[in-house]
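Structure record follows, encoded as structure tokens.
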Amino acid sequence: MPIKVGIVGYGTIGKRVADAVAMQKDMKLVGVTAHSYSFNTEVAKQKGYKIFTIGETDLKLNGINPDGGISNLLDEADIIVDATPKDTGRDNIEKLYKPKKMKAIVQGGEKHKTTGISFVAQCNYDEAINKDYVRIVSCNTTGLCRTLHAIDKAYGVQSVHATMIRRGADPGDIHHGPINAIVPVLEMPSHHGPDVQTVLHNVEIFTTALSVPSTLMHIHTVIADLKKRADVDDVVQVFKNAARVRVVRNAEHLRSTAEIIEFARDLGRLRGDMPEICVWQEAIGVTSNSHNKLLYMQAIHQESNVVPENVDCIRAMMGFKDAQKSIEMTNEVFGIK
Amino acid sequence: MPIKVGIVGYGTIGKRVADAVAMQKDMKLVGVTAHSYSFNTEVAKQKGYKIFTIGETDLKLNGINPDGGISNLLDEADIIVDATPKDTGRDNIEKLYKPKKMKAIVQGGEKHKTTGISFVAQCNYDEAINKDYVRIVSCNTTGLCRTLHAIDKAYGVQSVHATMIRRGADPGDIHHGPINAIVPVLEMPSHHGPDVQTVLHNVEIFTTALSVPSTLMHIHTVIADLKKRADVDDVVQVFKNAARVRVVRNAEHLRSTAEIIEFARDLGRLRGDMPEICVWQEAIGVTSNSHNKLLYMQAIHQESNVVPENVDCIRAMMGFKDAQKSIEMTNEVFGIK
Amino acid sequence: MPIKVGIVGYGTIGKRVADAVAMQKDMKLVGVTAHSYSFNTEVAKQKGYKIFTIGETDLKLNGINPDGGISNLLDEADIIVDATPKDTGRDNIEKLYKPKKMKAIVQGGEKHKTTGISFVAQCNYDEAINKDYVRIVSCNTTGLCRTLHAIDKAYGVQSVHATMIRRGADPGDIHHGPINAIVPVLEMPSHHGPDVQTVLHNVEIFTTALSVPSTLMHIHTVIADLKKRADVDDVVQVFKNAARVRVVRNAEHLRSTAEIIEFARDLGRLRGDMPEICVWQEAIGVTSNSHNKLLYMQAIHQESNVVPENVDCIRAMMGFKDAQKSIEMTNEVFGIK
Amino acid sequence: MPIKVGIVGYGTIGKRVADAVAMQKDMKLVGVTAHSYSFNTEVAKQKGYKIFTIGETDLKLNGINPDGGISNLLDEADIIVDATPKDTGRDNIEKLYKPKKMKAIVQGGEKHKTTGISFVAQCNYDEAINKDYVRIVSCNTTGLCRTLHAIDKAYGVQSVHATMIRRGADPGDIHHGPINAIVPVLEMPSHHGPDVQTVLHNVEIFTTALSVPSTLMHIHTVIADLKKRADVDDVVQVFKNAARVRVVRNAEHLRSTAEIIEFARDLGRLRGDMPEICVWQEAIGVTSNSHNKLLYMQAIHQESNVVPENVDCIRAMMGFKDAQKSIEMTNEVFGIK
């Protein structure tokens, strides 16, 4: 009996989780929500997804017959993935899901305290097992957790500093800039460090962040003080063995976020997505005086990297106990090795 | 017996033609060329394509065993699609293909006189039937021909002016700018007008062009003086009935090149490609004093729109006589309705 | 006795008009307004401009002692240049200026009917003489009027089509995009054509427009059907003789908006501004079959090109009758020859 | 008797040094070089600078009469500022300046060993006194040296990590990208760290770097382990007291590189330059567990920040011994307080 999943919020994350759920053998997509007509809705219809409305909509005016309202979606689903904008997920838990005793996942725009559990599959899958409300952390936090978790297991992490060079807006967003500026986040350190600690509870980390006029991916520069000496070749292996981490190479002409996305497109990935964190092999270094300071650079596909986490989290919350098995099942659908 | 096709030049166009050929029922991809190692080569290998080397390469050093040299590719193929950089296609005809009496298609970087025949499937398929050397015109020329051909058939075109706002570089190209400038083409009119006339022999057209800091698509603003009065609703129908033209709408939130590409990604198109010329319904207008002046705006996906033309041209050159049937066979593989 | 000028709205246009007024021998800058603290206010203070507050402000908290409220500014001034955001100028006329019987200039964000007179110095200076309320047209309209007026005088203009490739946001604006898209204006024709007619009453013109990810200047592609045959060399002279039009050349490596702004910076222009409309000599063309169709491309510095118009308009409204003399006085301060 | 200065290489740095030299009371600009005609040459002519040719030029064809060849410039000058592209400065020392026993300054594109002395005025002015060949370090190195020198004097620096987010191309450069990508420097650590040590000999520093699609400024994120506890308010004072460092504030709406350049334009700086290193007050932080780890972010105007260094270096090499006095004389001309 497949897990029946409803998607509330059909934007950048929601539409990807919908597609991913629809492809899982142990899940069934009940449907997705729409609050106004757009190409999003047209595509959902073409894919045969049921569409449930939130409030008054212009769907009928535009020739789309909805399959019901959001309450119908809640009635049919076992669990909801809520991918609505910041704060709406929190409100939906209180107003929609708790009254119906629905399990629900919210995204990284919400605060940790909203659910008390923040999730990255390979780090703390067990914390989510059989829980009712879990938060998938943001793309940046997910990216830091995946690689730092692997490094922490291998060498022990004393403390970390990461600088996040963030894309200014997503590719389909024509409204936000900057067009020609670098915009620092003027809090020091930034809020991302504490967010990592909601998953990796014992890692000391501080972060700084900036936005730049690009749409494709974030890049993180990470410096970690380790408890044990590290060797570059070993670190490469640690990353190769980590789940949802891909080691990319200058030698393959993967020298930028643009070429990584070109690679994902060539691979035939749906939407040209690259859910794996991409670490540059040539940018892994250890400082020469001591081998305890590790440097690396990684690229984060902000549109897609949390999508596999949502899928795994569904399984954990519905009682599936084998994290490794879930990760493998999820990865297969994404073409992740 | 399928047509055996070899691809010389495995870049933006070549890799797309390779994938398209591999999916045609009446064709067989013999293989592709490589002159140096990169993620391109890795993907070709993963897809199971045979790789033939041009000159000395570093493939073996990087763990890729080539399947022969370019002369082996020529020996095995019935026809070559040459997608090498400007002027190389012309040289290859003289040095490689004519000596072996190989049929070959070259791209829009070459001059019309190189082949004497310039091709857009729905406009002049018949001109290419059984020919040995044919040129697929550039993305901009292809885009103009598709819509102007339809308008010319319906209303008769007296004369046309088009302004082409071109993307500065392709998405995977990190070397070329501009980063923050608008760069006019300082020839007046630009060379694109005469290029349209190599396909639409009787259309009077002059063009102006500029480059801008975007990577996704070109946009054309077109003004056509017609021989007959036109009505906006009829023009919409003309475009809807034209091959490889898609009418997009502001009402669907398809308001920019970015949203069109987002739409293509959502549709599950390979690489997020949009080979159809996208005409905005809300930007079709006729001047109020006379209804003989038609205005419209269209978006051109420079990476992919000539790919179906290459496939159709293969068929024509190999003697397949039914243009309409070829277009349908090709379109099916791309998901074009 | 100098004309006492007050500036309401100290943003992109307002701060430039303030500087320009302060440099005119026959004018006196009374002061400028501020509604909140920023580097703008700091600079105004450093320049010794009086600062008048609009509503509650945080100026004192930040160490700036205002010189009064906006009503004090109105009391001291003979005329106001209102450079507030769209619709605010219209409201200010009704609420602030008419009750005090103050003369006021508003900007191109307001509608023509707000004042009944729309102004470009070299086209219709006389219409503004001794008037109480006049609108300076937008940067795009000003740019089209300057060159079309010259062409109309020389050859007679039958009809015009212009495509405007607009910068997405101003250089100091980090909030607006697009970062990587071309965004068409989905009205056909765009509203800019009728706006030109508020100044050049007899020119038939239709326009199309797009936005691109650049901050520096707009570019216009213009095609004009003329009543008389034109010759490229003569047209160059017509533009060289026109006020506030500069003929720039590829031969000088002025090939883009970026290089024009670099040129303005090198010239020592305040803020690197280029208030002249820049027409590319190499992009002036006449169609070969008839010499009655003229094509040209021009770059428009949206931040500064209407600033000299504001200065001239002040003089006209205060009763100074010699348009040519006013233009020369204004130009001298800007370093325009 | 003023110091007679010749400028070889009249590009981004050369033209700025020429203007700065021309404004110094104790210096005389002999002239500048040109190797081909462009708006650069036109501006030099308008400013009344003598123009000396390198090799065959097209100056006369374009109406510019050169004042001699480069050897005439060398004959008339006491010292040369060479601002030619990378490696040309090194070659010029050997081929042009040493044979004539000319003193010369080269720029940061050259290697340290070319001159054996690398210069930042406030750090090591004395090393350049009476020397014949000195290198001004690059914009990034200059920026790091200015702030780290101040911090080192105040607290003692144990070790430093800096991430440099670099502009992809200068504002007037339309050829280089990236348009939409983040491009990491795939060496770890980058070469900038050792370059800082050519000036600050005892500071342990490693650096990482990336390029982004912006033209205005670089931003550095700096983390320094200090020998003494630091307090944020004290650090602000240290930066305020440091030469050619400006503390900027979010509170003034100086939140990005774009707004800093807007500020410089508003201040009336020539070309809108900002030669001071801009440190954000709100981005200065010390880690909470120990106060020995200092974080800060700074913006670097790559076009202009080394220009004052060139002026000071001229004085030092010509025997002027008072560093502080030289810095003040230079700053006055730039409007730096």
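The chains carry the letters A, B, C and D, assigned in the order they are written, with residues numbered from 1 in each.
Rule of thumb we're sticking to: contacts are C-beta pairs under 8 Å (C-beta built on N, C-alpha and C of every residue); 3 or more make two chains touch, one makes a residue touch a chain.
Just so you know, these numbers come straight off a predicted model, no measurement behind them.
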Inquiry  = Of the pairs A-D and C-D, which shows more C-beta pairs in contact?
reply    = A-D
Message = Using C-alpha centres only, name the chain that sits farthest from chain A.
response = C
Inquiry  = Quick check: how many Å separate the C-alpha centres of chain A and chain C?
reply    = 47
Request  = Express in whole angstrom the distance between the two chain centres, defined as the mean CA positions of chain C and chain D.
outcome  = 35
Query = Hey, how far is the Cα centre of chain A from the one of chain D, in Å?
reply = 42
Multi-partner residues of chain A (each touching 2 or more other chains) = 171, 173-174, 178-181, 183, 213-215, 255-256, 258-259
Query = Residues of chain D touching chain B in their complex?
reply = 168-169, 171, 173-181, 183, 213-215
Ask   = What does chain D use to touch chain C in their complex?
value = 15, 37-40, 42-43, 46, 62, 171-174, 179-180, 215, 251-256, 258-259, 261-263, 265-268, 270-272
Chain B - residues contacting chain C, complex = 161, 163, 165, 167, 178, 180-184, 186-189, 204, 206, 208, 210, 212-219, 221, 223, 250, 255-259, 280, 282-285, 287, 289, 295-297, 299
